[in-house]
Amino acid sequence: MLLIDCPDRKGLVAGVSGLLYRHGANILHADQHQDHEAGLFFMRVEWALDEFDLDRFQAEFQAMAAGMQMRSRVDLMSERPRVALFVSQYLHCLVDLLHRQQIGELHCSIPLIISNHPDGEELARFYNVEFCHIPISPATKREAEQKQLQLLRDRGVELIALARYMQILSPEFVEQYPLRIINVHHSFLPAFIGARPYQAAFGRGVKLIGATSHYVTAELDQGPIIEQDVVRISHRDQVEELIMKGRDAERAVLSRAVMWHLERRILCYGKKTVIFD
Amino acid sequence: MLLIDCPDRKGLVAGVSGLLYRHGANILHADQHQDHEAGLFFMRVEWALDEFDLDRFQAEFQAMAAGMQMRSRVDLMSERPRVALFVSQYLHCLVDLLHRQQIGELHCSIPLIISNHPDGEELARFYNVEFCHIPISPATKREAEQKQLQLLRDRGVELIALARYMQILSPEFVEQYPLRIINVHHSFLPAFIGARPYQAAFGRGVKLIGATSHYVTAELDQGPIIEQDVVRISHRDQVEELIMKGRDAERAVLSRAVMWHLERRILCYGKKTVIFD
Amino acid sequence: MLLIDCPDRKGLVAGVSGLLYRHGANILHADQHQDHEAGLFFMRVEWALDEFDLDRFQAEFQAMAAGMQMRSRVDLMSERPRVALFVSQYLHCLVDLLHRQQIGELHCSIPLIISNHPDGEELARFYNVEFCHIPISPATKREAEQKQLQLLRDRGVELIALARYMQILSPEFVEQYPLRIINVHHSFLPAFIGARPYQAAFGRGVKLIGATSHYVTAELDQGPIIEQDVVRISHRDQVEELIMKGRDAERAVLSRAVMWHLERRILCYGKKTVIFD
Amino acid sequence: MLLIDCPDRKGLVAGVSGLLYRHGANILHADQHQDHEAGLFFMRVEWALDEFDLDRFQAEFQAMAAGMQMRSRVDLMSERPRVALFVSQYLHCLVDLLHRQQIGELHCSIPLIISNHPDGEELARFYNVEFCHIPISPATKREAEQKQLQLLRDRGVELIALARYMQILSPEFVEQYPLRIINVHHSFLPAFIGARPYQAAFGRGVKLIGATSHYVTAELDQGPIIEQDVVRISHRDQVEELIMKGRDAERAVLSRAVMWHLERRILCYGKKTVIFD
């Protein structure tokens, strides 16, 4: 699987597809996108690896990529990235992700769950996932994050999914995992940034509530948006009903974001994402 | 048709329904809502008027309503309110509202279209609606609004629908028609308040765009929300596609808001609306 | 909580609300519906029970109900019905219902899971629910159903949710639980009735797939529909993707149906349902 | 703009993109799709034509296409196909398509409206479109279709949109415009095929109603589906409300289908469509 992200210029598709053809690739999916305003080109190609000499292809491809200023990655779809889940007291996203991983929807392993509360421990045990309870207070936050980072390194974690984790990660933490931390915010961003979005939505009297999954950056709730969804509410719904109905949207947008990231369908540029079909 | 809005207390439904029963009303629809937090009660009752002595009912009802501190309105569904449409250069909402009125979806007459541009004139003529072109510049705004208000009074207008009217009404204008001016804002409020929301949505990289219909109050884009809807977009969509796809959501939320207002399905309290089914 | 279902006639609301008022009921929610074509009246009232003499109310109400030919039920919302879940090999609906029950979304207890496969056993143990594995073959079906019925009676089960249970219940079984068995069918009924609906949808080239929850009646996939939802698909989706995307719709419509049943929001008449807000 | 539809084989993308590159094409959009089950390959490429020698490209491309058994079309996006609208008494789709064409959403001209009723005549005149009233009875149907076909030929019509045209076209008519007649059916196909789908949906008690746009083939309501959409309804909605709410879905799916056809985004194979983004 090949992901390309580079300045747009003529001959990119011809170059890449010609090279794949000469190496006998059997292409399964291919998608590309030009952002004309930004002058950028994006491409994703998936091909079968049986009887394909990946090493030889990579060598030739690197030479071509260098000549064309491509930023690119060649990934094996068969590799299952290691994902850590962060959670606090609400477990619905955790339940959802663990089950989806178990039935094969998410192409990853989940070696680690980290939580500032003990609530998720039994669930972790049920799914045979290591659970680390690391309480956090303002005074211990720095130290707690050091522990988290050590665990992540030790377990070889490549992606972090914040499954309703109610702590704000420090910029120092975030920069260790650039575009590799996915959060779900329980509002339709950029509406209701920050704390207590359901209360804010209730107060404003909106008719739809939403949820947003996005990559975490140093600036709170400002990272590139991956997916959004909404649920219709009515004047009959109090804050509790908003919270309940919102859970379904939270689960949906977080699980899609994790799935797409694992299938290398997402390319970021600036504050935006390209999501390949 | 009876709309009631008052502090919640025991016996309201019993009182109203008992009175209707003693007068022999054949109830067609009834709906009620309690807002427990605010301690408010809302009720909407529709009944058949054949062989119903409305005057006698009204007299008794007023006595009861006074005793129970009800704010209430008794309206005849057969009365068709007079609606004025305000428009600028984008005509899609105008086309939509005029056609819906013509085929009977909107229970109103439309005696007047006011515009700061001449574009809608032919369409108005096609639908036999008076068209008044009143150009507006910062220097002439006050005077133009005076003309508009005079026209509205002369034509007996009871509701104003801003069908993508790109001027901001002055607080003095708005207070003449409290909760009787409906606007469509081309974003999912409270996201992207103010000018150029599609450009802002594009810049932020959202995955859904929206539209919101609301009553106009003195504060820009802050009035009670009546209806909202969203449309899915992708990284392939440029600002022009957002504008095009957004038009469908604009039409939908504005026409529903006008329809519900005309059917007296909307009750406002604070910054919120109750929408009776 | 009072549910009424009877021929429409004048004075029903006045009678019921007057009686509740005289007994000092503090009404929390009330909703009603007339089906004019069928001449039917439906009503649902929820009120607070503190300092309310339910026995005395019931006695008077029964007298009135008899006089007005009402079919009615007075239920205590505090009572948590006992629900049995039936499942086969796909566990996503089971996971969803068990978690929703655990976090309080579903006002019920779940004493029993019955399955013709052993797959759900661990999950049942995790949630402390009795799991009965009753294999079924054409030869043993009658006997297996007898065992199931005995278990349901012994555990005092009042509602059965078929959480992707892949066996067809016999008419004899169904008539033991009239309008108390909820199934999820993995298509947008009445499209794709019967077996393998995703394959059929794929073959027809539809652009949306759906799921439907409904009460089970003797006729396959013909019972009153409770809830439906759809998911957008594209030409890129093969049958496996339809199955995966469809799971989200299945979970959603089944859990809403069970929730609404438990909150006594559903009234059936003919092949249809009234769903009170 | 190039559309390709052929048996899948290695080297297709490399061949086409290499040829475009050698001719100096500046590619604007490109999309491709493999149907692995059917062994088919689909591709759509859009490129800028300034300083592009289309004739020389076409000559070389035809040679390559022949060698690779490609079915292909090279179209100029600047060409605006001539579209005829067929309508009966419901005008909402007609109003919608005419307005969308006028504001530039639909890249076509509309030289002709044909109707078996006179209702659309004024609207046609307003938009300066020729209107032909051709009444149809069982006895005159064959003759009427001959007149229609003559008109279509005379006006050079390339696409026919049936905008709620309530007559069934004969197979002889349909075969004159294979995959060039788009119909909107007022149900979520394959549910409620044939006449009076809203009445059927009402009778079945569904919770969502739908609309489907599809190419017309000899078999009624069986042609390849282009687009579908749904609208939520409730037990409060009678047939009239279904008809009203359904109109919005009808408009949406028909206008999208016509737009996509005009932008050559649709490829048919068997009973299915590929819709390129």
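By written order: A, B, C and D. Residues from 1 in each chain.
Note that in this section a residue touches a chain if its C-beta (ideal position, glycine included) is under 8 Å from a C-beta of that chain, and two chains touch if they have at least 3 such contacts.
Just so we're clear, the structure is a prediction, and the values are computed from it rather than from any experiment.
Touching chain A and chain B together: C, D. Chain centre most remote from that of chain C: D (centre = mean of CA atoms). For the touching copies chain B and chain C, the fraction of interface residue numbers used by both exceeds half; the interface is of the same-residue type. Chain B and chain D have Cα centroids lying 36 Å from one another. Each of residues 29, 36, 234, 236, 277 in chain D touches at least two other chains. Chain contact summary for the complex, chain C toward chain D: residues 33, 35-37, 188-192, 203-208, 210, 224-230, 234-236, 238, 270-275.
Listing the residues of chain A that touch chain D in their complex gives 10-11, 13-15, 17-18, 20-22, 24-32, 34, 36, 277.
Within the complex formed with chain B, the chain D residues making contact are 29, 91-92, 95, 99, 103, 105, 122, 126, 234, 236, 244, 248, 252, 277.
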